[in-house]
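Each of the next two complexes has subunit A plus one more chain, namely subunit B in the first and subunit C in the second.
Up next is the complex of A and B:
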């Protein structure tokens, strides 16, 4: 990285000859480099080179372990980690481990927890969290209004919110669309305009109206991923009953998902495959949105155009989340314990493993792509 | 209670809270999100009434339940109450013997 920066500097101030030299190395230097990011106990941001599948860098995350929630800057060079009991956000330059940003959300009289909800604006200039505050009175707690907090990334260490807007309770993972909205995953999937605070329904879940024969969905969205398809997935379980007696034994059980296209901000909600086993997280194949992969005690592959589970690979232990290389060929399964399991996306066979220095617990498994 | 009179604001609040017409309906959460919110099966029995869809082995899931205070009755809540419970054990599957129980009297 330093060599690249040096060459750039030379080209900027140097002769035509130096510029020609830069041009000669440019194709290699500009190839996209993918890094797999996760957080391990007691507090390390692990930066893994996806070409070699080796840990390239380990960054110290201050504070007690948070949840390992990671938000990516759009240029892939910075990552923002939720730490300190889900209260603080630290920003890292993943090329050097330098801490470039810190927001301590709690004060002496107000405790603020953020349940996974961290995201960065599409221009990389703003950072968003959903804050769940409660007051620390001398003899009691007071429940306060959850809010979207907007930080300027440029404020760096000691950043304070520049705007806040009230939002629903129970919001977990969030994401930003190309248009600049923030997708809020809670009881329903909504979107907020972080300039005005205006909220719109993207796709209902708890308030859906599918008629009396459908069980209200049980949704779970703990981990942020989807960057390889620029999408946000909220998976859910539901059931279709044969009649209004709601016999759970004869009902058809389904995995469904609300999938938001972060390019357009539009969502589809589908019941995609029969509910036969637990999946913690789904991701789409980057080149085929009908192919989904799921992770938990199994790594599974699903073709939602046929509503079929097409392959299942038993895992040696529980993994919470997964991600995929941009070419769609390699799947990384992580979370929970201290190893990332690497698999071929066609066959699901295991092709490698990355041992880490601590448990990932609830941490995200994200792919940062640097293109220069 | 009719012979007792509330003397301060807090006692008046308690009286108000126990009045049945003041109690809001409790609504089950269909969407599972956040600390201590879950009543889903998952620690002792899976949603199918068996064991196959529980996290396996327990050590893999231990910190995932502790850090999010997901099952605070079964696992120490490291988010709020016991942040140092596992500070010396980075890998639960290797060093689980070093993890102790929680004893409120400090013994």
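Up next is the complex of A and C:
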């Protein structure tokens, strides 16, 4: 079990005890090496040493820039990048930049797009994507059933799906649970068994039953980077109307989320804080699940036990996503432009930055942890 | 048994021999155009034919405007790699919009788009279509098409495959967008905009009137003002018209130009002229008799900059076409220009309007000074026995001023960026209160376009706080709104760009009082897509 997972499960027991425990184990965490990963235009996987905040390695990603979605192998040594207009997946050994895996999903007659959805099984042996196929007939295009595609990582270059199962439309980020299910983030949050294709509802969002005074949630996860807390967050915006006149002005607007614990596959759904500004990516504090951070035009800190935004730091430009060190002390804010902004997780003060060779655009910002 | 001559005749009469006669020359064109389709399109499309006619997959089950066909052919050329010459493309657009176009009634609600009057905000769009379809482009884009259910569904599938993120955009992802679009929206569209309609059935059979001849034209050019002119349309060998335009602005300055026009679908007039050495385009619709055309003329380089255009055919009859200005204040005198054709006889501006002097007079243009001695009224403008639907409004007070466009969109640009600024030109329309003495009611009397001084103000407190009125642009004395520079502005919060929400305010002097009118203006970001139709 990952150290961070252990920390989280203990943290959940009780925050006082957990805090004490954290102080005790934190030094041990330094034995693991954390790398910050992102993709920059025109096509580079950047491997950043989080001890020194220096780019340690830059791997060439073949194909046109896709969306920069990254999935991590559980051992932190391999990273899988969605490239070539969101059609191909390339696997890299981040210690050498060797390309270990390539799946080209499209054919001459079928264009296959993957919207962010890449994940690796807990044993590192299978890779999952959600495929959105479009038929390219001679004088018309057709829209085909989306599916979960299962690849054997060992098939390496030229890998083809070994199994596929139909899934919903509009699925973006996916993640695997310790039990081996794949969490599917779409209109609702569901989970699929990648052996049988059986699907269960995790959190109804589009199909929730919260009464007529609640606006159907606008749920969207371009980035869900819960590796430091072993969780998956699907954020959403909703509103509670005062009455059936549906007045948008007087409605109470909320940020909500479905947060799936990837240890158990169980989820909680909460309206966490009032909607005051746009956040593109939320992450939790690795040791305190009540504390969330968000990035966009601001870096913000939220205490969901109090349903409050506790700190807001105005950013000089828009950033799309963020991540955090395992010790919970340092926040990295990235995406959009070419600089990663580094902040103190307590005060949100800026404490550094990393300049990259190109724009990150919509790329993920993920933390790979290698323990040797 | 073969049809004998008599029966053949009867059949022809039954289906309207007239229509058939009218189509004879297009029929020659049709075989050419079908050959182009066979040569250029059948690598991907398929032909099926029965004895009577050929149909082409994807092509035969939709109808659209010349601009609509142009857009599709551009896509075939640029995205599908179809090989087609400019000349073949022109011929196909003509053939397809003649044989699979829109009836005048069908295009009528959306003429603003054809007229490229694109810095207005559409109103009255069905809420569902607004949310599903009209958030990326205008509602007129599909309002100007007619298709079978299958074709509406294939259009949705094309959108999905061409823009795979479409179902994930804000505004789509809160619903099963594709299922709704493919099933419900397509069904709604096939009912609202079906391929077969009585309007098209009638129009495609109707005899089309040749629009060649001499036209008395009135219009407005931003920065120069109202004009009246003669425009002649003479047939050219290539099926187009050669145009000559000659006349005067209200201040007497000469307006002059020449160019070409094509008529599509029997009534859609598209002209390109060089006027006073500037390239301008005309988009007009002819009425069913081919006697009057109305539309807009604008700069070829900048669609947003233009004004109304109207043309009345010279049939030899006497006719009053316009009076400029179209109002006169009670108790005051002013110079008026009466525009018409074949004008002869006494000038009568109604009871209570005295003609003081005829300054200039010809058969098509009369300049007078007149004094309104009577009470407010709307008077017919008459010259001898000429036909006239032209009115002169005598008023005592400007009660209300409207600004056009009412809801405008402009775009920041320039500043070394890829896109030029998208500007807007404004005009003020004055009204008197009418019989009830109250402004803003149904009986207000439209006086006409009035000179105004122009200013801008923030639209609300948020805009004021963000100082939109200082950053988003400025307006010239002539009512031309020029948006701010593109790119981040370090003076603004978050280095925001110069977008903003403003009111454009017209102030009209009416004797000692001033009357204000307002229009709203969204100064938006550059739009990097250049399209045939918005």
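Everything below uses one rule, namely that the second predicted complex is superposed on the first by the 341 of 372 C-alpha atoms of A that agree within 3 Å, B and C clash if a C-alpha of one lies under 4 Å from a C-alpha of the other, contacts with A are read in each partner's own complex, and residues count from 1 in each chain.
Criterion: contacts are C-beta pairs under 8 Å (C-beta built on N, C-alpha and C of every residue); 3 or more make two chains touch, one makes a residue touch a chain.
Please read all numbers here as calculations on a predicted model, not as lab measurements.
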| item | value |
| --- | --- |
| Which superposed partner A:314 touches (first subunit B, second subunit C, both, neither) | second |
| Touched partner set for A:347, first subunit B, second subunit C, both or neither | neither |
| Partner chain(s) touched by A:179 [first = subunit B, second = subunit C, both, neither] | neither |
| First (subunit B), second (subunit C), both or neither touched by A:219 | both |
| Which superposed partner A:141 touches (first subunit B, second subunit C, both, neither) | second |
| First, second, both or neither for A:297, with subunit B first and subunit C second | both |
| Comparing the two partners subunit B and subunit C, which touches a greater set of residues in subunit A | B |
| Intersection of subunit A interface sets (partners subunit B, subunit C) | 86, 113, 115, 132, 139, 170, 172, 187, 206, 216-220, 297, 317 |
| Subunit A-touching residues of subunit B, taken from the complex the two chains share | 10, 29-35, 37, 40, 46-47, 52-53, 55-57, 59-61, 63-64, 66-68, 78-80, 83, 86-87, 90-94 |
| Subunit C - residues contacting subunit A, complex | 44-46, 57-58, 154, 157-158, 160-162, 164-165, 167-168, 170, 173-179, 182, 494-495 |
| Residues of subunit A defined as touching subunit C within the complex | 86, 111, 113, 115, 132, 134-136, 138-143, 169-170, 172, 187, 206, 216-220, 297, 314, 316-317 |
| Subunit B partner contacts - residues on subunit A that touch it in the complex | 40-42, 64-68, 85-86, 113, 115, 132, 139, 170-172, 186-187, 205-206, 216-222, 237, 277-278, 296-297, 317-320, 335-338, 357-359, 361-362 |
